[in-house]
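Several structures are given next for inspection.
Common to both upcoming complexes is chain A, partnered first by chain B, then by chain C.
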Partner chain A sequence: MSGDMSTFFSISVIFAVLMVFTALYCILTSRNLIRILIGLELMTKAVTLLLAVGGYVSGRMALAQSFIITLIVIEVVIIAVAAGIVIGTYRHTNDLDARKLNSLKG
Partner chain B sequence: MSVLLILVPLAAVLIMNLPLHKLMRKLAFWVGLVLCMLQAVLIIRMPIGFWNTQPDLLYRLLLFRPFTDNLAFVMFLSIAIVGFVSLLVARYAIENDGSKLFNFTNLLLLAMAGMNGLVVSRDLFSLYVFLEVSAVASFILIAFNNGKDALEGTFKYLVLSAVATAMILSAIGLLMTVTGSVSFKTLSSVMGPNSGNPVVLLAVALLLGGLFIKSGLVPFHGWVPDAYSSAPSATSILLAGIVTKTTGVYALIRVVTKMNLLTHQVQVLVMAVAAVSIVVGALAALGQSDFKRMLAYSSISQVGYIILGLGIGSNLALAGAVFHLFNHAIFKSLLFVNAAAVEKQTGTRNMDILGGISDKMPVTGFTSVIAFLSTAGIPPLSGFWSKLIIIIAAWKAGFHVYALIAILASLLTLAYFLSMQRRVFFGKLASGFEDLKEANLWILVPACLLAAITIGLGLCIPWLLNSFLLPIRSIL
Partner chain C sequence: MTFDFNMMNIFLLALFLAAGVWTVLTSRLLISAIGLAVTSIMLTILLFLMKAPLAGVFELSVCAGLITVVFISTISLTKPVEKSEVLQLKMKRLKRFVFLPLLLFLAAWVLFAKPLHLTNPAQVPVEQTTLQHVLWFARRFDLIGQILIILTGVFGVIVLFKTKTGQAEKQDNER
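Let's turn to the complex of A and B:
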């Protein structure tokens, strides 16, 4: 890696790591189920950034682009299913509070 | 031709969902059964050369060249058997409701296509794609009946699974920065010289962590009991029998062996996680009163054995790990089939209420005894041999403490299964179950089939060991 590339790489990775920690904070502390889903999405965005950096630094941007597009499509499916689960929970409890998801223990 | 194992289930799902004729929806169940049987028969009958050839046209269309070896055969076979059993149990447990059975069949075929794809993938990114395909299908299968508990279990699984895939993907991104490629072949040659590189170390840690979550090993096991116990019976069979095994354990075996990851640190990490899983899973199973929850904890403990075999890393240990993977798919499915029968006939899974129902349900009682003896490692059943191979390999490689842990945890396994048998099947009939009946053929046939496989494999071990198990490493 040349000097410029190396700086670019460290800055992007630091930014991605910050985003992952923000997402983890969001998932761990929020009590609203929708907010947890937003945290998951944020985490995926950080990962997408990492993939783009990987493609750019290694000079294989075309490969990384096809990965990112596939990843975006898959994430949409996951979030759609997750939103369906949240709606199902809401129909049972009339509430989006994650603390009410506590019937399974042991 | 192994690409057909992905394409045919997908095509079947597409065709069945075309609005052509009402008959389609009725036939779906039988189509699913035939596809599972076809997969099992073809895997046994066709030589390895047949599976590794691919017409040029298909390659140009798909740009995907699958890859098949002995380990992949084991996985294909267990996917076919467990899928078949799960469909039969769905027919039994989902009261002849046409549209529900239709939806179940569709999702099961999707999950099968995803798992078959995962088995043949030869780079990290397609591994991730197929992992997600089977994961999405299994999320919907767990929440199938829309019950409150099932939705809760699914949500927990979904969040942890999303975190796991984020970890796997960031590992892919980091590995790409260093090597510019994600195929196992390139990665295996690049990992050695770069093993001190901090970026590579971080990537390997993330990859292993993600796959540990997916395989439900302690300390990432939180979702396993919730998802297994709240899911409908047929889904529990599929999930415990094969989905976790393929998306977690098989992917872990494939990644570690293909990428030559087994350095000293990785070995210590993997074996420590495996030993903790074996002990914690067995201890937690002792204290359960819910039938399926106990089986879920037992599953965690058994997966620990497989990972222990992987961590030892010698040829013998890997053969034992793969054999235990197959055995576990068979006997854990059998136990979940028994749980399904008990739950449906008695209306409860609480082992404190049940008691002495072996008199009323003789076949279920008998097959569950076979399955638990195999899990606990009693000769000559198949589970004994695979555990024995792993323990001998651990001893020979100098990991005497781990071998001891594995043997002692085997006693714990025997303890919690004996307690389960005594509380559910043996002894005096509990009050309220006087007019209990044996389950019908839809569930007795798969139970007998799985029990026969467990006994048969145990008796054929001398032949299996030399002809199939020991060569596994040379092809990996």
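Let's turn to the complex of A and C:
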């Protein structure tokens, strides 16, 4: 790995980790279910960046792209299902507060 | 890699993080969803610069497009439901499982009758191959997982809009 490439790799990893921290902050401090989903989405963006940088630096971009496409497919399905659950929860509790999800009856 | 390219990447990485932070810090959910789309666009540009155009296209169309639509739909659909509608949904609970035996039979028939040829025929090192080769030969098993996950997503979208159908039926009965 050349010097420039090594620097780019290090900086990209730092930015990806910062993005993960941002998303974690969002998930931990938010009580709104939609905002928690947005945090989850941001975390997958950081993982996508890590996969792309890993593939770019190692010269295995085709493999990295296949992993990224798989990740995107999984991501969109998780969001679609979670959005359905959020709407169902809202229609039962009339609220999007995650603290009120302490009843598993029904 | 030239120095300018490196600096541009770093600038885009900074914009990517800034868009993510804006998404988290903004108070309105709709603006937050738009911020998420902007983050996806930044990531798409980075993917294009890192010579991953197909992944970039997927990121732009699915993450910046479809997921933003799902979020905006979710935000707009979160409104109260009446108790009578909840009771109506409970009555129809068993009807959802009518097609399960048929689906299980079909799946079993496909799995047992049709050999799937999931062995790995590609012996070429992955760094020398194209994306198409990796997806169709080296990582063929991933495609089956993706198909199953997409089917799960279809059911997720059905869940997203199922109560709306119930409301429409109720309106028809009232008429």
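One rule holds for everything that comes next: the second predicted complex is superposed on the first by the 102 of 106 C-alpha atoms of A that agree within 3 Å, B and C clash if a C-alpha of one lies under 4 Å from a C-alpha of the other, contacts with A are read in each partner's own complex, and residues count from 1 in each chain.
Just so we're on the same page, contacts are C-beta pairs under 8 Å (C-beta built on N, C-alpha and C of every residue); 3 or more make two chains touch, one makes a residue touch a chain.
As the structure is a prediction and not an experimental result, all values here were calculated from the model.
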item	value
Which superposed partner A:7 touches (first chain B, second chain C, both, neither)	second
Chain B versus chain C as contact partner of A:38, first or second or both or neither	second
If touched residues of chain A are counted for chain B and for chain C, the larger one	C
Chain B versus chain C as contact partner of A:28, first or second or both or neither	neither
First, second, both or neither for A:64, with chain B first and chain C second	both
A:96 touches, of chain B and chain C: first, second, both or neither?	second
Chain B versus chain C as contact partner of A:54, first or second or both or neither	first
Chain B and chain C contact sites that coincide on chain A, given as residue numbers	53, 55, 58-60, 63-64, 70, 74, 77, 81-82, 84-86, 88, 92
Footprint of chain A on chain B - complex, ascending	125, 129, 132, 135-136, 139-140, 143, 146, 148-149, 151-156, 158-159, 162-163, 166, 169-170, 172-182, 225-226, 229-230, 287-288, 290, 293
Residues on chain A engaged by chain B in the complex (per definition of touch)	9, 16, 20, 27, 33, 36, 40, 43-44, 46-47, 50-51, 53-55, 57-60, 63-64, 67, 70-71, 74, 77-78, 81-82, 84-86, 88-89, 92-93, 101, 103-104, 106
Touch list for chain C against partner chain A, complex	1, 3, 6, 9-10, 13-14, 16-17, 20-21, 23-24, 29, 32-33, 36, 39-40, 43, 46-47, 50-52, 54-55, 58-59, 62-63, 66-67, 70-71, 73-75, 77-81, 86, 126-127, 129-131, 133-135, 138-139, 142, 145-146, 149-150, 152-153, 155-157, 159-160, 163
For the chain A and chain C complex, residues of the former touching the latter	2, 4-5, 7-8, 11-12, 15, 18-19, 22-23, 25-26, 32, 34-35, 37-39, 41-42, 45, 48-49, 52-53, 55-56, 58-66, 68-70, 72-77, 79-88, 90-92, 94, 96
